[in-house]
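Starting off with a structure, shown below.
In this document, chain identifiers A, B, C and D correspond to the written order of the chains, with residue numbering beginning at 1 in each.
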Amino acid sequence: MEKKIKAGIIGGAGYTGGETLRLLLNHPAVQISFVHSRSNAGTPVYAVHADLLGETQLTFTDALSADVDVLFLCLGHGESKKFLQENIVVSTVKVIDLGNDFRLGDKVAGRTFTYGLPELNRAVIRQVNNVANPGCFATAIQLGLLPMASAGLLKEVYSTGITGSTGAGQKLQDTTHFTWRANNISAYKTLTHQHVAEINQSLKQLQSSFSGALNFVPWRGDFTRGIFVSSIMETQQSLNDLNQLYKAFYQDHPFTHVADTMIDLKQVVNTSKCLIYLEKEGNKLVVHSAIDNLLKGASGQAVQNMNLMFGLDERTGLQLKSTAF
Amino acid sequence: MEKKIKAGIIGGAGYTGGETLRLLLNHPAVQISFVHSRSNAGTPVYAVHADLLGETQLTFTDALSADVDVLFLCLGHGESKKFLQENIVVSTVKVIDLGNDFRLGDKVAGRTFTYGLPELNRAVIRQVNNVANPGCFATAIQLGLLPMASAGLLKEVYSTGITGSTGAGQKLQDTTHFTWRANNISAYKTLTHQHVAEINQSLKQLQSSFSGALNFVPWRGDFTRGIFVSSIMETQQSLNDLNQLYKAFYQDHPFTHVADTMIDLKQVVNTSKCLIYLEKEGNKLVVHSAIDNLLKGASGQAVQNMNLMFGLDERTGLQLKSTAF
Amino acid sequence: MEKKIKAGIIGGAGYTGGETLRLLLNHPAVQISFVHSRSNAGTPVYAVHADLLGETQLTFTDALSADVDVLFLCLGHGESKKFLQENIVVSTVKVIDLGNDFRLGDKVAGRTFTYGLPELNRAVIRQVNNVANPGCFATAIQLGLLPMASAGLLKEVYSTGITGSTGAGQKLQDTTHFTWRANNISAYKTLTHQHVAEINQSLKQLQSSFSGALNFVPWRGDFTRGIFVSSIMETQQSLNDLNQLYKAFYQDHPFTHVADTMIDLKQVVNTSKCLIYLEKEGNKLVVHSAIDNLLKGASGQAVQNMNLMFGLDERTGLQLKSTAF
Amino acid sequence: MEKKIKAGIIGGAGYTGGETLRLLLNHPAVQISFVHSRSNAGTPVYAVHADLLGETQLTFTDALSADVDVLFLCLGHGESKKFLQENIVVSTVKVIDLGNDFRLGDKVAGRTFTYGLPELNRAVIRQVNNVANPGCFATAIQLGLLPMASAGLLKEVYSTGITGSTGAGQKLQDTTHFTWRANNISAYKTLTHQHVAEINQSLKQLQSSFSGALNFVPWRGDFTRGIFVSSIMETQQSLNDLNQLYKAFYQDHPFTHVADTMIDLKQVVNTSKCLIYLEKEGNKLVVHSAIDNLLKGASGQAVQNMNLMFGLDERTGLQLKSTAF
């Protein structure tokens, strides 16, 4: 039997930590070395991630094992950099950061991070030791725009996106109180969402002329998982040409698909996929895109990156049964 | 023009306080004297109860006005007694307590409380100055059982009830976190819910032989408003006789109705009604009952009690537009 | 006692018919003359509108009484015109059409209809006998844009709106199947929604130079009641000036309010209100607006129009208790 | 490479057909021979099961291939028997029926069916060619009661269970209309649910003295997936003894676990597990049990049975990533 990849999860008690754990537990090429959580050390992981009852006897630890091939950093924003500063992680250990500390090129402890969007940077990801996993909204919006940018067609974009409550994390907040959020919709961080910067960085990588005119209005949705985005922009290309452009761009990317009929959020919930659908009226193109914020928008993409970094088929361990309903 | 009832709300920033406020704002015979909240003093009530934006310019106060005819105590359990001990409320001011401090006969500061279930104690409520408003589950279960007790027919009862998240109040808790509660069901306080005592007290008031064998399993539901209960018990009476018994019992009670077809929760949401439906197989009777936990289960019933205590038609201010959907 | 307005509801078994009925049952100046439904003639209204059990003994009828002051047409699109062609309605009877047959100026049987958006046409509505009630999305979008148009400031607009399932009516459809719609989001009628025409008509009424460049993407939401819209547009005005403009425009309109903090959908559910909130970044203005699609977006606005047409305070019968949660 | 099991799905366009397909697509020992659906013949399976877009190019067929090792019958009640009467299925082909045609011992075309609850009949299932897969509520209730029956301790049982909308199937119905079902609860088939017969059959198999006194009230829940049941019964055993009894009974069953803290529905959604939790007050035991109605309650258990029938580890292809949220 082949030697397995030894993986450690830092911040294993949060949502992305738990989701990474769920994926790695069933990953055929991975052996979980440890799940780190200071506040839960010594307790079984299923005491926090209750769905794992009956799946594993793993417990959280507050010790860092050096016997590890890859670390998943599932920490709050700002904490990944601090973690790598305060702990010695030997340079041969690969690091995948699910936070936003390194997405814009910041370095730490001799590590330079590659932006981990496989549809943009797959060839590079295969060669590197440090990956900054993209943000959830950033993933959904970029995947809807990359082909346009690759063809130099991108002009000003107007995007509205809606996200499930898991995007807000585990902390109890007024806006994640069930009584408030059930059957409710509201906007937040209007035109100022922190993911706009990484989106613009990627778009300019493909189309240097892009002015960065991305107007993004995020909404809070009354569901737990998923992101749905509709982006409007002007273009002279025909819908037929645009569909060809998009399908060609994603042709050999196994998780991103261009649909021929309207998509809906639940098509991708509990999968690592992104679905895209194009519509055109007059000279206005609308691109709809949908992902699961915790999978293609976080832990699923992190495991996809790990697969690439270790030379595995990028789908390994990610062919998940959709919830569907 | 007739003189209006001057009402004060103590604990006006919580759910039952807000709901009482919503009702009193539109009540034709009431003038709100003050809405008390220490932590929100000076801010508009709509800063907390956001739906009231555009409805009223009232602000919270931390002062108690003596110019008041009735006080609604909308406080946490245990705090009503404390409030009446620590503050001087002249004896002519009527008090309606929405907490559970006085439901089992406790007295304070010379005040003796009547259990405020109009379908049980209406004649008395009309005469008294102090009413202990029933609990929400207690209301739904009792209204499903009172006619049986009145006929001396009650034996051991098995009740399962499900409640909306507003029943858990405003405080952020793990079990009211949207991410946890959405699409979820769980049980709590199995066979030990605190409302069982007041239910048994009422049932014994009507049927002194009742042994108090009420087995109640409460569930947390993934909705915000409402309670639905199914109670099973043995009886030799025919379904026809039972329907006659129930309909006669509630004949002149304007908010409690016995339906001829299956009921559902949303029939009563945002109303002060209780709906009841009876089914029988073999010698087993099943009584389904449904209320809005914040109205018939709390603030609506409190206003109904106020109406009775002040000699008004008990429906005044309570003919609400149902949400229906 | 004053003579009451005698009202008839045509199409009383549908959602807007039922909602109109709920409002009129509690309206102090209205007496319901009849509720018309061919398919339900003879059955109690609560057999269809189950929440009305215990509220009324009214039954549906298939006969049209001439003893009526106002008719509410709550019919499918195209059926209102047909109804007025096939039935003799004396010209003194006022007609309020909740469908889309007359919103763009169509006439029938000697009747010319006024577009019934009080915030736009209140003075005229007070004088006329025939009102075409606006569409639900049309109401939410227009109320977010009217002040801009009134100041001649409107340029190209990008709107995304989300609607509850009641907007799709009573008919069972794949997109209103619970199993599909729960926790789901999707888009429909992208850039081609039928309400765009009536919105443009209103905007041009205030700003004749407006080119009609309204790009509207409607989404299906996983809730039953409400519409939330975010509209983006370019403007050089300061946020302060814009807030003053909006507040002045709606100053004497009792149901439309400009908020000073972010709004959310549930602030308006089960009310006749529209809430608006403005944000600005750079030269981009975002206007958020929220209504209850069945009230301000349909039956509530119809009753508001009736109040105006009969010289009543427009709020009469419309000061509803919000569901809040 | 080992030879794969060739599987055919009959009724592949319904919910249990689709869920079986989702499982078999990822099952390492199975090759899908065909997915039968008369009404969808020729169209891709993802045209019906939209989440499968990008997962498979399979199309529905109306032809039955004989080159098959096992047939999953995912048909409406009564249709499985008809299918086996009208089509020649050679006797060496194993049949797993997900409907209720054969759960009570009915035979057809020389085939005698074993009741496919592995926790009850695993040894037999391993030997047979024909399995009748249990009902969803039946699975959840039985797994909560089997240990009691195995010890001869079962007395009269009072069960309330709540089910997601997928339990009602794909057909558009009033009770699966989103507008009705969202945030709603109601009861149906009170004390008369069809699953009671198969539950009693199993309980008597273990405890012949059991009188069949199972009082079951099913509720419709406002979620799509899952079943939660609370069953009350009298017993003299201590809670400690009962926990030992239950844990011993399920010790070597990989999907059924006895929890040490309160369970909730979402712990099992999108898994093949059943979780159980015991509580006791006085002489009353309450057993809570939870399953995913489409997995342990249908397709997951069907695949578990297939695994047993073909000598595989029963967990093969069933270690699914839970949705968790």
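Quick notes
Please note the rule applied: a residue touches a chain if its C-beta (ideal position, glycine included) is under 8 Å from a C-beta of that chain, and two chains touch if they have at least 3 such contacts.
Nothing here was measured: the structure is a model prediction, and the numbers come from that model.
Summarising the inter-chain layout, the chain whose CA centre lies farthest from the centre of subunit B is A. The chain pair A-D and the chain pair A-B differ in C-beta contact count, and the higher one is A-D.
Each chain gets one centre point, the mean of its Cα atoms, and the points for subunit B and subunit D are 40 Å apart. Subunit B has its Cα centroid 46 Å from the Cα centroid of subunit A. With centres taken as mean Cα positions, subunit D sits 34 Å from subunit A. Annotation for subunit C: residues 15, 165-166, 179-180, 182-183, 222-225, 263-264, 266, 269, 325 touch two or more other chains. By the touch criterion stated above, subunit D contacts subunit B in their complex at residues 158, 160, 162, 179-180, 182-188, 190-192, 215, 217, 219, 221-226, 228, 230, 232, 262-266, 269, 279, 281-282, 284, 286, 288, 290, 325. On the side of subunit C, the complex with subunit D involves touching residues 15, 165-166, 170, 172-174, 176-183, 222-224.
The residues of subunit A lying in touch with subunit D in their complex are 15, 18-19, 22-23, 26, 49-55, 164-166, 182-183, 224-225, 254-255, 257, 259, 263-264, 266-271, 273, 275, 294, 319-325.
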